[in-house]
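Shared chain: chain A. Partners: chain B in the first complex, chain C in the second.
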Partner chain A sequence: MPTPLHIVVCGGIVPDPLQTLEPAAPNAAFPAQPSLKNEMMLPAVLDPWAAHALFEAAHLSAQVPGSKVWLVSLGPKAKLQQVMMTIAQKAPFELVAIDGPASGFTDAFAAAAALAATIEQIPGLDRGRLLLFGGWESASRGAGSTLQMVGERLGITEQFQGVDRIAARAEGAGFEIMERIEGGRHQVSLLSSPPAVLGWATGYLPEPRNNPQVGMANMRTIMPALQRAKAAAMNGAGPSFASVRLPAVERQTRIVKDMPPEEIAREIVAWMGEE
Partner chain B sequence: MDSILVLAHTEADGTLGKPALEALSAAVALGGELTLGLVGCTVAQASLPALPSVRVLAVTGEPFANPRYATDAAAAEALCRASGASLILAPGTSRWARVLPGVAYRLGGRADTHATGLALHDGAPAITRWFYRQRIEAVLTRAERPWIVLPDAGCFAPWTGATGAAHIESVPVDPPSTRTTWERIEAPAADRQTIRPDAKLLFVAGAGWTKKQADGAVHAADAAALIHNFLERSQASLGGSKSLVDLSGEGEAVLPFMTHMNQIGQTGATPRHPKGLSTCCHGEEPHVVGWRFIAQRRAVNLDPNCGWARGKADVLYIADAFAVLRELNRLLA
Partner chain C sequence: MSDADFARPAMDVDVACVGFGPAAAGFLTVLSRALANTSGAAKALESRAAPGLPLQVVCYERADGIAFGVSGVVTRAHGIRATLPDLTADQIPMAAAVAEEKLVYLLDPIGVSHRSRTLRLADGILRGLKLARDSACELPYIPPFLEKDGGMVLSLGQFLEHIGGELMGAGAVQIWPGMPVSEPLIEDGRVAGVRLADMDVRAALTVVADGPVGAVGRRLDLEFGRPPGHAHREWALGMKMVVELAPEKALRPGTVIHTFGYPEPEIFGFLYALPGNLAAVGIFVPSWFRNPMRTAYRYLQHYMLHPHLWRYLQGGKLRSWGAKSLAESGRRAEPFLCGHGYARIGEGSGSTNPLAGSGVDEAWTTGAQLAEAVLELLLEGRPLTKENLEASYVALRRKSWVEQGARIAERARDGFHGGVIRGMAGMALAGMTNGRLWLKGEPHPLADLHEYYRGRIPAEELDRIVADCRARGVPCHDTLMDRCGWPAIPYDGQLLVSHQDALLMGGKVQAPAGFADHVRFRDPELCRSCAAKTCIEMCSGQALSPGEDGVPAFDREKCVYCGACLWNCTGNLEFAAGAGGLHSNEN
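This part shows the complex of A and B:
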């Protein structure tokens, strides 16, 4: 039987992508970095690629009996609570919460330090069979840096990014891992055994349906985890922002009505040919 | 002033790829003492830039041939240390994006990925990069060094000039032990190879291609044939909206050549093409953030109130995309 896995998913929270975002001046808690207008009022979701990582973790742990999934999330406590209400019904996990900023403007270096320090202290976590999951890029910073640095801090130098698939080979012969590379292609590598870091892209699993029973089981650990959440010290050095702005004004859209398809096609072909 | 290391990996034939030459030209434009650091199975010396004042360092050998975290990180770390550079510019390829933030941690430095601009700001290098999936653009500087910056491909003109480096200094690195074996590249079959990063045109298909049309019926097979022919004839790169890609993923073979790798937007790609043509896609914000680096944009939609009408496209044709594509294919035949 394959060795049970300990899967830790790092997943932050981000503003719902349907919201309009506007940069704003720093707030009192983090004077060195910009913020978002009405940041605390914006509805949040689990970072989408991290959510894929969580679904993949649940799927993999279900295939290897005895495995366990933790979700480590750094964000303002009140927002974490709101997001957990919805995500709890999707997959079984034990929450490990860290109270701190979820802003895209905080430094990945500082976020990684807080995450690694917390993971090191998870009771019962066997780092010899650890798979550290997360999204390959966040929807906030979009850097793809945090997981790598958490891995380095935990001494894990088998790392994969843009992962779309992990498949256990028969008879404990390791895992085949597929990572996105340029031009719509994948690179396939063989990992002989954990520990490893996997930054997930979309994967191939659909979003799981809500399961109220899973939700109830998760909630038993979620509330205590939120109460226990320690505040992360994240006000260290980071980048200095010389400017932060929304992209330049929108285009003047020319709306073309009642033009026959042949004529539209001629116009498009001419446009395609322009340098 | 910062001393700069341009850190590149070579291609299979030992030459430098376009993204590496772009990073080099960004470094040359910034000025300062320059070192070139190379990782790969081999280095084709005659193909390297002939820059007389530039020191060239290399980590080579079979263990460094293919992308893999442990070996790439060891090689990159050794080159950064050997160069002593305070600013490291490395092309934002999938290979370097996988390891260099980890390497920055080893060096006690910092890394910034997806830089779209680099210039001096009050005498210090400053990068431009986007936050919140291309919604907010910031210019930032850092006091910490070494600072590893990965420019996105296509943001700088590639370096051009005479080739033939004078001398390469080999930097010895013992390949670290690793539990990872590089196995292979998987590419879609030629007729399903629809992602073409160098294409002039991005063609986006939305979920409308799968919806009931004016006659009350769905015409998925027609849609697939029309789009396939258009891609063949125009050599455009194919993008999809999340709604369409998700349909394909749920086993409904809407477009057999569409996978989630084609998805554009918030949870998809943000490709760089001079032009983009959207069809049967509503142009909602989570989709359109993926169009940030598409310079000229046109859309075909039946709905005059779709998102593209609100300043997101240059031209919006209110028309049936089936009819327009049929005509386009006729003209391009």
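This part shows the complex of A and C:
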């Protein structure tokens, strides 16, 4: 019987990536850094890479009886609450909320510090059984560095990035982890025991269907967690933004269904040739 | 395996609410406030489904967020303020107090709309007397029944998000988006809860607030019928955009412009100025507009291009777009408001006031009334039976301003079935006499295609155009409007964009995997024999298109869940509950 795991998922929220996100220079509401125009009005979602990590954590937790999942999330409290209404129906977890910005302009170093400090204070968390999950990238920023720094601050040296699969080995003999490497191939590693950091790519699990029973069970801890959420001090020295602007976008939209991939590729190559 | 063989998981709650719109928001706000202040009444408000816990109240919303609502709202907010006396516009993003209100008759600046001779004559006189400016004539007087003085303009999405946030923050009720309710659980003539996609939720009280085209409300109508004489006679499709105005075109927030007369005389429109240099612009295409090729999107573009509005909108950018069906019959389509184990609130319960053009405030109020009644019954220890709900909720509703307004409005729009001028006169008559007088009219079926285009397109050419469009798998309305002389839309990629681009730019159409198509056609032969196929023409997202075998093809990835197909079909279309639809918080 494998030892029960303590899985902590770091998952931020992002404005829905399908909405138009316009950067705005620092202003009265966000004096320390740029922000996204209308950020508080845009619908928010759990960062898609972090969402994969959460679904994988729930899956692994179900395979190893006695395990527990925490979701540590840094974002504006009101938006966290909104996102939890949907995400809480998908997988069992306990929320640990940190009130702070989530626009993608936050310094990864400062975000990692806030996340690590919060994780260290989770009551009952056993570092010897800890698997730290998160996205290897983010929809708000593609640096892919935050999770790695959180792991370093927690003193976790076993780090895997671009993970697509983790499987518990028989007889409690650790875990088999599949990471993406160059050329579309995977590297398989053996992890003898936690702690470890896993930065997830997309994995292979579908998004779970909403389950109202899971939602109701989660909500018993989510609302108190939101009420307890401490404000993260994110105004320290970080990058300074000289200017921000929306990249020029040219829309050439066409919706076609059931088109063979070869034909799509041919058309894209032809289009690129025209540019 | 039959459905009966399938062991469906179930759970028990005390109150299950279907849909999170303004009615459910009103219901949950009043209930939540009472549950949060249970001192002295804690025992009475204890859960029976989960003894020892407070009342278990859950609300299931089909869309993937609670801010999905689509509506260009200008409201007097009487009922909302009665519940929330301290609410001001500055607490809600995109809301403003009504600052200025205008009623404008729009003349046809290009001479192609389907106007009667009388209306053309009236236009000529207005132009001759130089009473029209920018092809529009601002009326010097707004009838009191239309006035929204002292009210608010707002984004329904932002309003619902504000209320939903407060509710979830209080923690007394739970709202679950992304969870369509497929049907009510009906056992021995009583509603015992609701059926979700994968499980049953049993509840002592099911609150039906799923709007005019909701699956649960329609199933109850089928099961229990309606009161004698009550039926859906009139519908409308509302379509709107939120536009970011060019900086030099700024309008004073709270400016309200109601219009009529263009792009077709039957089509009403509006422009509401919101804070942040935004404006909500939209039209209502009613069921009495007899064009079988009626479309809302193309007409909305022509509406925006009308010189009276384009002077504000030129240079603007599309921020969001959406559409919804409106139950325009109001009280005349009122179902049984309660029964054993259930109660109905909001638009689906006939609360909309078609004379005042107001629905959000009325819907909210019916929800608040139900909550007050439920609390009264629980605190008195009386069960939530049909008789008790009638004596409390229905009685409260009957003596309220919602009912008084609904009775005045009941026949106000009958005249439109006899023409636009008769309709306007009927509305004025009903409004001025508190509903004592009105002009009669009975709904007609849609015009035959040839009848509608007679004198504009020769019959043979019309048949050829329709056959050609169907063979190409596209709706016919664009080609027919082009042929009638409507100018091409000068796409600018910002505000004037193709229909499909509006879907992509105006929000996000959700179609989560794992759900069946929610639009289906019962009898393919009936579809093949249907000449007009208005369901395709009026589809807000072009989710319905001509199919290869004569049956419309449905693409759920484009469906915005407006429900227009439902009332534009003669009963051959199934419109089930489904996850998804359009999501834009700004609508």
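The rule is short, and it goes like this: the second predicted complex is superposed on the first by the 244 of 275 C-alpha atoms of A that agree within 3 Å, B and C clash if a C-alpha of one lies under 4 Å from a C-alpha of the other, contacts with A are read in each partner's own complex, and residues count from 1 in each chain.
Criterion: a contact is a pair of C-beta atoms (placed from the backbone, for glycine too) under 8 Å apart; a residue touches a chain by one contact, two chains touch by 3 or more.
All of these numbers come straight from a predicted model, not from anything done at the bench.
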| item | value |
| --- | --- |
| Dominant toucher of chain A (residue count), chain B or chain C | B |
| Touched partner set for A:M41, first chain B, second chain C, both or neither | second |
| First, second, both or neither for A:S189, with chain B first and chain C second | first |
| Partner chain(s) touched by A:A242 [first = chain B, second = chain C, both, neither] | first |
| Touched partner set for A:I268, first chain B, second chain C, both or neither | first |
| Chain B versus chain C as contact partner of A:I255, first or second or both or neither | both |
| Touched partner set for A:M149, first chain B, second chain C, both or neither | first |
| Touched partner set for A:P123, first chain B, second chain C, both or neither | neither |
| Partner chain in contact with A:G215 - chain B first, chain C second, else both or neither | second |
| Touching partner for A:P65 - first (chain B), second (chain C), both, neither | neither |
| Residues of chain A contacting chain B in one complex and chain C in the other | 18, 20, 206, 251, 253, 255, 257 |
| Contacting residues of chain A [partner chain C, same complex] | 16, 18-20, 38, 40-43, 78, 81-82, 85-86, 89, 206-207, 209-213, 215-216, 219, 223, 226, 251, 253, 255, 257 |
| Chain A partner contacts - residues on chain B that touch it in the complex | 67-70, 73, 93-95, 97-99, 101-102, 104-106, 110-114, 121, 126, 130-144, 176, 178-188, 193-197, 200-201, 234, 246, 249-250, 259-263, 266-268, 275, 277, 284-286, 289, 292, 296-298, 300, 304, 308-320, 323-324, 326-328, 330-332 |
| Interfacial residue positions of chain A with respect to chain B in the complex | 14-15, 17-18, 20-21, 23, 34, 36, 48-49, 104-105, 107-109, 112, 139-146, 148-149, 151-153, 157-162, 164, 174, 176, 178-193, 196, 202, 204, 206, 237-247, 249-259, 261-262, 264-266, 268-269, 271-272 |
| Of chain C, residues touching chain A in the complex | 9, 11, 58, 60, 64-67, 93-94, 158, 161, 164-165, 168-169, 171, 174-179, 196-199, 201, 493, 500-501, 504-505, 507-508, 512-514, 555, 583-586 |
